[in-house]
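Dropping the structure in here first, questions after.
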Amino acid sequence: MFIVNYIKDVFTALKSLAIGLRRTLFYFTHHNEIITEQYPDNRATLRLADRFKGEVVMPHDANNEHRCTGCTACELACPNGTIKVVTKFDITPEGKKKKAIDKLVYHLELCTMCNLCITACPSDAIKMAQTFEHSVYDRSQFTKVLNNEGSKIMEGVE
Amino acid sequence: MVEELGSNTEGDLIINVGPQHPATHGVLHLVITLNGETIKKVEPHLGYIHRSIEKMCESLTYRQFIYVTSRMDYLSSHINNHACALIVEKGMQIEVPPRAQVIRVLMDELTRIASHELWWGAMAMDLGAFTPFFHAFREREAINEIMEETCGARLTMNYMVPGGVLEDLHPDFQRKVKEFITLYKRKIAEYDDMVTGNIIFQNRMKGVGVISAADAISYGCSGPTLRGCGVSCDIRKIYPYELYDKIEFDEVLETAGDSFARYMVRIREMNQSIRIIEQLIDNIPEGDVQAKTKAVLKLPKGEFYQRVETARGEFGIFIVSEGGTNPYRIKFRSPGFSNLSALDHMARGSKIGDLVAMMGTLDLVIPDIDR
Amino acid sequence: MNNEELKTAITTLLPTGVFEEGGDWLNVLLEPSDWLPFALQLRHQEAHYFDYMFCLTCIDWKTHLTMVYHLSSTKYRHNLVVKANLDKAKPDIETVSHIWRTAEFHEREVYEMFGVNFVHHPDLRLLILPDGWEGKNPLRKDFDDPVNMIKL
Amino acid sequence: MWSFSNIADTLHTWLHNTFNATLAKFVEMVLVGVCVISLFAVLGLVLVMMERKVSAWMQIRLGPNRVGPKGMMQSMADTLKLLVKESMTPDGADKFLFNLAPYIAMMVAMLLMAPIAFARNFMMWNLNIGVLYVSAISSVSVISILMAGWASNNKYSLLGAMRSGAQIVSYELSAGLAILSIVVLTGTLNMNEIVLSQADGWWIFKGHIPVIISFIIFIIAVTAETNRAPFDLAEAESELTAGFHTEYSGMKFALFFLAEYVNVFIVCAIGATLFLGGWMPFHIGHWDGFNRIMDLIPSSLWFFGKTFFLIFLIMWFRWTFPRLRIDQLLNLEWKYLLPIGMFNLLLVTAMAILGWYF
């Protein structure tokens, strides 16, 4: 009986190994199953999902106008101190002082892409961009100013 | 180090496994005492990725602290976020819309499958079979793409908010999930061919790292580690949250308590998750995905505890609130921490090769342990 | 057992216990010196059978420390929260690591994070903090690390 | 038609006509040395490339495809990288032994090349005890591993070396028994004569089931002897980081790496010689037309083709199976391979005596 069991053991073991070998041989011969993405080469065709959270940007229109009122809602919502709003006072044509942003400083290196600033913004001034290649040579380049040089607030945004 | 361990005798070999070691999947540091190839003692040294998330959360608001928990158990970040959302909703009595509830459960189960897929590949790789690792990533990639489309990120999704979910589902979501289910069902048989049925694998796993049910309970193990001993501990079943009391699924139990039992629990759990997804995917009710909440969330004074079932076991959040916008004290009960404490008990008397198999089946995620 | 039944059962076990209202689970506050005998009874009495300790932590109330033990039973599925107030100057409490083995690691964590001294703990050493850590216990409210903590 | 033996003969006669006997001998020796070393380098590059491509395709990946056409120069680039890397010797290591170990591994691999018949009438040393020589020399490789493990002064290396010692010493036995079964059938230890004995059919076909069993045992045993997965316990990555060569870097590591691949080549070459007829073409009974076409293929191609088939087999194992544990490894040898091998040898002997083979 021992001998029979012994031989049976050897055969079941060999069979289980053969099943595994057949599976790898299948993939060895079926190259259409390959799933490698050749990343830098397919950059042109690579399209990320619309909702992908890559970095915070502030859209500007053709007249170099943005929608940010400088209310600091995003700054307060951020868990990591990523956003810093620097405000200044503009003088309106009527001679009144009006608060506006001077700089909206964004620290990409601190950002966790949690989307809280976007949801907090009352005037939809900022949104998430679908970029993901964030490597730079110097850490200081991560600190970005989101509003363009000389930009001003769009008419009618309060 | 040698003096500290105390109980050594002449001729013992003390080896530092980690913090940089292929089998620890991160920065876990185990000091093991060996007698030849036999393990006499395993002592974990933690804290290499300790960020004191509990202290950080004390200065964050109830909206903000959710996103920190994604960084703990990064493989089931969705489920961690879910626990946070649930505890805020419980404290403030926010009613979550039915559509959001279904979406949450769907996302949880997808996350569970993704986590188990990665575990399966990494576990096979620990045992020396490299090929399954890549095959597991094929299925996991499909889930990641679904996550990316709907949640906007692949790993730390940040999709749960108090009162619902961040955005509605992507229009392609249902189609993609169904595609994934077909892919999964086609490929799951191959897992048996390559790993589960393999005689070498079975010999490596069976009777290795045995822990009795009483010991596992005493060590506070949870999730597949405890269910592998035959103890029912699925939070989804015994303390149901969200929709889980209305969904049909089986709690997976194995009785052997060894590495193979834990392995089989996870493999069968994936099938149960697929079953849950199949039930819900065509029955997503229409409606809002987010309840109306106040701009500033404040939990009433008191203590709150919420437990959920992550891919690794029972994850608990304990919040002490003083009534302000920030938690006064927050404690995360992570499944990995308690599971790891049982490693020494399991490993004594087995070989170094077995240690790898045990660590694999405990499914350790180091940030989850260190927090 | 539901909370009410548990309450009456525990009153007989521990007449000095103070019950706190609120929360899903029964909260009982006791003197640190009562903890070990009470824990043994909770664990070993057939009617209670609290064999699963799923959470052990501490709260720094600035004036005093509070140990919080979350217990559960895999047999009866009832839960209990036990609390004990500790003196901040001399925070001593008996260890329960021989009753619930999971407490060994959790107590080591509380020891280094809050400075609570667990009497008779078999291996009370630093677990998470680096070897040779000196100074205050990080999770206490008066802890301040100007280098690593970012002020918002 | 040209063949390796013709070239060798022409060269031999030319050298002896041009120079005196001693000088000619010396030049020949230098030439053989150069050939072995260049074969070494080429084999290393080709086998590493092959391993990477085989593993990639099994793992649904593309594999290296950037350096050179179809990535063929990748292993060249890697070698270049290893060459320019700093080769460190750790403090506290036994410096002499530490630096010696890779060269011993290399030397063993080189020595093993000698009695192999690469093509018809083309071998470095027509040794009458070729098979014995191979099994004797290949045991020396364990010394280099033990030396490396001990001299590194690293616990991982030591464990890896000890594992490797136990493993190689055990598996030598079954490999030897499997080889012996062919020796019993042919009645010679000379590699060339073993090949010639298979002119009317390879042993794996002629020898019925017992030779097939020997072949399987041989493949398993040599996989273990060359420290390849699923028997790569000596360098078990997830357990011992890199086992006996944990502390090696740069060219010294490359030598170990190269020696491993050359060892794989050699054991596969021996397997091909013993079981698959070496350089002997594939012949079927009396199909003269078919046999003549088969003869047109150069004998060296036959040899390399068979060898590379066996190498593929070993690579295939590596990328499919998980690793064994040390006690299971020894169990497999002492409880399964050795008894089966001994019983099988008995069968083969009976078969040889009774003449029950073609």
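As written, the chains take the letters A, B, C and D, and residue 1 is the first residue of each chain.
Criterion: contacts are C-beta pairs under 8 Å (C-beta built on N, C-alpha and C of every residue); 3 or more make two chains touch, one makes a residue touch a chain.
As the structure is a prediction and not an experimental result, all values here were calculated from the model.
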| item | value |
| --- | --- |
| Distance in touch steps, counted as few as possible, from subunit C out to subunit D | 2 |
| Selected pair, greater C-beta contact count between A-D and B-C | B-C |
| Chain whose averaged C-alpha position falls nearest the assembly-wide average | B |
| Most widely separated chain from subunit B, with each centre as the mean of CA atoms | D |
| Between subunit C and subunit B, distance of the C-alpha-averaged centres to the nearest whole Å | 25 |
| Separation of mean Cα positions, subunit D and subunit A [Å, integer] | 51 |
| Separation of subunit A from subunit C, taking each centre as the mean of its C-alpha atoms, in whole Å | 41 |
| Centre-to-centre distance between subunit D and subunit B (centres being mean Cα positions), rounded to whole Å | 45 |
| Sites on subunit C at which at least two other chains make contact | 152 |
| Numbers and ranges of subunit B residues touching at least 2 other chains | 131, 138, 194, 198, 200 |
| Multi-partner residues of subunit A (each touching 2 or more other chains) | 17, 20, 23-24, 27, 35 |
| Contact footprint of subunit C on subunit B as seen in their complex | 4, 45-47, 50, 52, 54-55, 59, 214-215, 217-220, 222, 231-233, 238, 302-305, 307, 314, 316, 318, 320, 328-329, 331, 333, 337-338, 340-342, 345, 370 |
| List of subunit A residues in touch with subunit D within their complex | 10, 17, 20-21, 23-25, 27-28, 31, 33-36, 38 |
| Contact set on subunit D toward subunit A in their complex | 54, 57-62, 316-317, 319-321, 336, 340 |
| Footprint of subunit B on subunit A - complex, ascending | 12-13, 16-17, 19-20, 22-24, 27, 35, 48-53, 77-79, 112-116, 119, 128 |
| Footprint of subunit D on subunit B - complex, ascending | 13-15, 21-23, 37, 124-131, 133-135, 138, 194-195, 198, 200-201, 203-204, 351-356 |
